[in-house]
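Both of the next two complexes hold chain A, though its partner changes from chain B to chain C.
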Partner chain A sequence: MKRAWWKGLVVPAALIVLAELAMRVQGSTSMSLAAPSDIVAAFFAILFDGSLLLATRDTLVSAGIGLAAGGFIGLALGILFGLVKPLDRLMEVTIEAIRPIPSVAILPIAMLVFGFGYRMEIAIVAFSCLWPVMIMTRSAMAGIEPRLLEVSRALRLSTWDRVHKIVLPAALPRIMVAFRLAASIALVVAVTVEIAANPLGLGYGILVAQQALQPAVMLAYLVWIGIVGYLLNAALSLMQQRLFGRAGRVEAAS
Partner chain B sequence: MTLFSKAALGGAFMLLAWNGTATAQTALNIGCTATTDCASAAVALEEGIFKKNGLEVTMTLIGINSNIPAALLSNSIQIGGPTPSVFLQAVDGGLDLVAVAGASSTSKATFDTAGVVATEASGIKEPKDFVGKKVGAPGIGAFLQVLFSKWLIDNGVDPKSVNFVEVTFPTMNDTLKSGAVDAVVTAEPMMSRIIASKTGAPAGYFLETLPERRPQILYASTREWADANADALKAFRSSIDEAAKIVNENPQKGRTAISSFTKIPMDVLSNMKLSVADPKLETEQLDWWVATMDEQNMLQSKPDTSALIQK
Partner chain C sequence: MRAPDTTVKAAAPVIAFDKITLAFGAKTIISDLSLEIGRGEIVCVIGPSGCGKTTALRVAGGLIPPTKGTVRLLGEPMAGPRRDVAIVFQDYAKALLPWRTAAGNISLALEAAGVAQSERGDRIRDLLTKVGLAGHEDKYPTEMSGGMQQRIQIARCLAQDPAVLLMDEPFGALDAMTRQGLQDEMLAIVAETGATVFFVTHDLEEAVYLGDRVIGLLPHPGRIGIDQRIDLPRPRNQLETRETLEFLRLRRTLFDFIEKAEH
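For the complex of A and B:
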């Protein structure tokens, strides 16, 4: 892996050079595109005036709390539905009716209820992170080796002991995958909410730059969101490997 | 008196004085979109007129005008700058909003700040040429598209025969160039850039035939806020009155204030006409908007315009 790490960069680098040349030669007057060198300059400008870091903090706080809240509720519901089959069947229609609602569609309601600010964004992020975690937890529970559950019954473990000694450890690698999935959703939803309505964070930075006719700043935000997303995923993936060793790697690959 | 008690007394006085100023200042968040229409509020903030009148004002840039009614209702902003069409549709939908002052209005001096720009290939020269063509507008049912449709109707063209698509301002030049649309309904500062880059040519100034002093943006709040904050509202109105004069007499100050609010660079704003600031708002002006919107079937009921302007 080590000797060829740079090969993956050949195509992006070539594209960037091409974009720079195209913008310079053509003398573009576009209000939505900018030359890569201008984007880099804009990036450092917003980095040093502090606005980029402030916006990153706002977005990550909203996405993080939303992910934690939605993930926790999803995990609890997933375990509950996994353990109590009649409840699962009872709630199926209700859940399947609410789940497909696009998270951005609840924006107008969330805005009326919470107003601008962290709360609105957190609520919407939590709503969208809840479902993948719930469904993957529930299916992870179904995938637990039945003999483990039989053993727990034979040992007459209490429900709590059964959950935290048998069920959670057995399902954890797959639940971790669910969290990773939810984390990427959280960032997407947080930025979308900011572009559509909420005046804070990276999405709002994109919106303001776009409306202020500063495409270089707008694209600098866009590139930065990509980097943040990549780092977030890399951190979670590293955590998964460290915590679960080979089990984590197998699941991550699948 | 010991030094200690003197210090304590001094401290208490300072606290009182600080408290006094804190209660005298009413906090107010004003939400506007990135146009020059809210120049009066931006100037009142920039020049310290709000502060002088006892208002602690912040301004929030709102991305989409139609978000303003919801932002008002959730008390995220106390005063917002919706277009009359957004305002009337919100009221028509049952939201209890009132107009508290005028922000900007149409004028013969600024009719050329908005228009429809068509590509040469489209062959569009006059209103009847728009039939069957694809036209990009910043928002369907929003200010510019409604007035463009009115212009079509006044010229005997049914707007339903025109295929409208939403195109955001900054992407208009690129969208027009790619041929995805035949024309765009646009406004400054985008319009002159599109014309300068020869992507398209003006095919109609639909504000030209409008009567004078039709509101473009008005300041609105919830009725609840306006009733409960009569003093703050009075201070707001007199601040806007004072600032509007500055905007109209000294546009450079208006541009500086707009630039610091919207972050639009000064070199873009410097050769741009500002909308005429017009703080007065009358029932008859809203009636004109109701009639215009009725013509396009945009309202369910007939709003009582006399009750929509806060006394």
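For the complex of A and C:
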């Protein structure tokens, strides 16, 4: 790994140099493209005037709270449906009917209910994070080694002990994967809502830059969103490894 | 650990199957099975596949209620799993919690029984010593050999302080040398605790070597075909006991039984 870490950077670096050359040689005045050096300059400009950090905060707060709320509801429902099979069957049709609704499609309703601002965005993010977490939690619970449940019966563990000493630790690695997936969905949905309607955050930043005919600023936002997404995923990966390193490894091995 | 029980109950069988029938839908797994096992007895159960030996063990453990008949434990009808009845499963790798250490896995049984945290450490160390794993408390199951994992499961069962040990082919997945070592360790532990043992196996020699009695089941539906006393002297020895004429005679009797049962 160590000797070749730079090899992966060859292609992107070459592309950046090529783009820079192409833009300079052509003397482009494009409204959708900008030279890499201009993008970097624009990036530092919006970084230093504070607008980038403010937008990042707004987006991350909405995505984070939405993820937490949707994830919590999804987790609770997933555990409930995993434990109580009759309830699972009772709710199956209802859930399968609501789940496929694209999250952005509830935007008009959310706007009516909450108006513009954080609450509307949080609600939509929560709605879209709820389903993957619920479904993966439910299937993680169904995938628990039946022998372990038998052991918990043989030992006469209480329901609470069974859930928090056997069921949750056994399902946790897969629940964690669900949260990572939901986190990337949260960011996508938050930015989408901002571009489509909500006047705050990184999505709104892109929109404003586009309308102001500032392609370099727009692309700087775009690159930054990519970096934020990458860091978010890396942070969650690290957290997963730290918290459930052993259980995670066992899951991967089996 | 437990002093021999000299109360009235001592006379009663520890496990009593009273005309047990078990059916799943139209399929009868066990039919009209009656069996009494006395205190401290080691009863090995053999039989061709489909004879319901594992099912009988699960009924004895309260994991499955019988369709007809009752199982009594120390005179009381079984209404479900009990903490003084410990089950050792064959698939030790699946029966242990992979996210807990050896000590943590044993602790689970103590936690279930409500043993105070301050007492658990000492109990766990004693149990690990008893199964020959002193000093391995911080290892995870995946870091241990099959034999060690099965010892952990046995230690967890002993943590229940069981009156009855139900063992479902516990050494079936282990290699021959490890299996013989564990057979002797199990006999020593049982002699010390005075637990009553219901031991399911497909290994006829293991049944003769361990048992005070060997029950042979016939298949379709499962019922008792032979109830053979084993009067080999104890303590038994892997070489000497297995070389005695009586051992070979008993092995032959059971072998003939299985031959006939399968045809």
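List of remarks:
Basically, the second predicted complex is superposed on the first by the 246 of 254 C-alpha atoms of A that agree within 3 Å, B and C clash if a C-alpha of one lies under 4 Å from a C-alpha of the other, contacts with A are read in each partner's own complex, and residues count from 1 in each chain.
Here is the rule we use: contacts are C-beta pairs under 8 Å (C-beta built on N, C-alpha and C of every residue); 3 or more make two chains touch, one makes a residue touch a chain.
Everything quoted here is computed from the prediction, not taken from an experiment.
When the two structures are aligned on the shared chain, A:36 is found in touch with neither chain B nor chain C. Contact with neither chain B nor chain C is seen for A:201 once the two complexes are overlaid on the shared chain. When the two complexes are overlaid on their common chain A, residue A:169 makes contact with chain C while staying clear of chain B. Of the two partner chains, neither chain B nor chain C is touched by A:82.
By the touch criterion defined above, A:161 lies against chain C but remains apart from chain B after alignment on the C-alpha atoms of chain A. Between chain B and chain C, more residues of chain A are touched by B. In the overlay built on the shared chain, the residue A:74 is in contact with neither chain B nor chain C. When the two structures are aligned on the shared chain, A:150 is found in touch with chain C, with no touch to chain B. With both structures placed on the common chain, the touch criterion links A:132 to neither chain B nor chain C. Those residues of chain A that touch chain B in the shared complex are 29-33, 108, 111-117, 195-197, 199, 204, 207-215.
Note for the complex: chain A touches chain C at residues 145, 147-148, 150-151, 153-157, 161, 165-166, 169-170, 244, 246-247, 250, 253.
On the chain B side of its complex with chain A, the touching residues are 33-34, 60-64, 67, 70-71, 73-77, 168-174, 189-190, 193, 196-197, 262-265, 268. For chain C in complex with chain A, the touching residues are 61, 63, 80-83, 85-87, 89, 91, 94-95, 97-99, 108-109, 111-112, 140, 142, 160.
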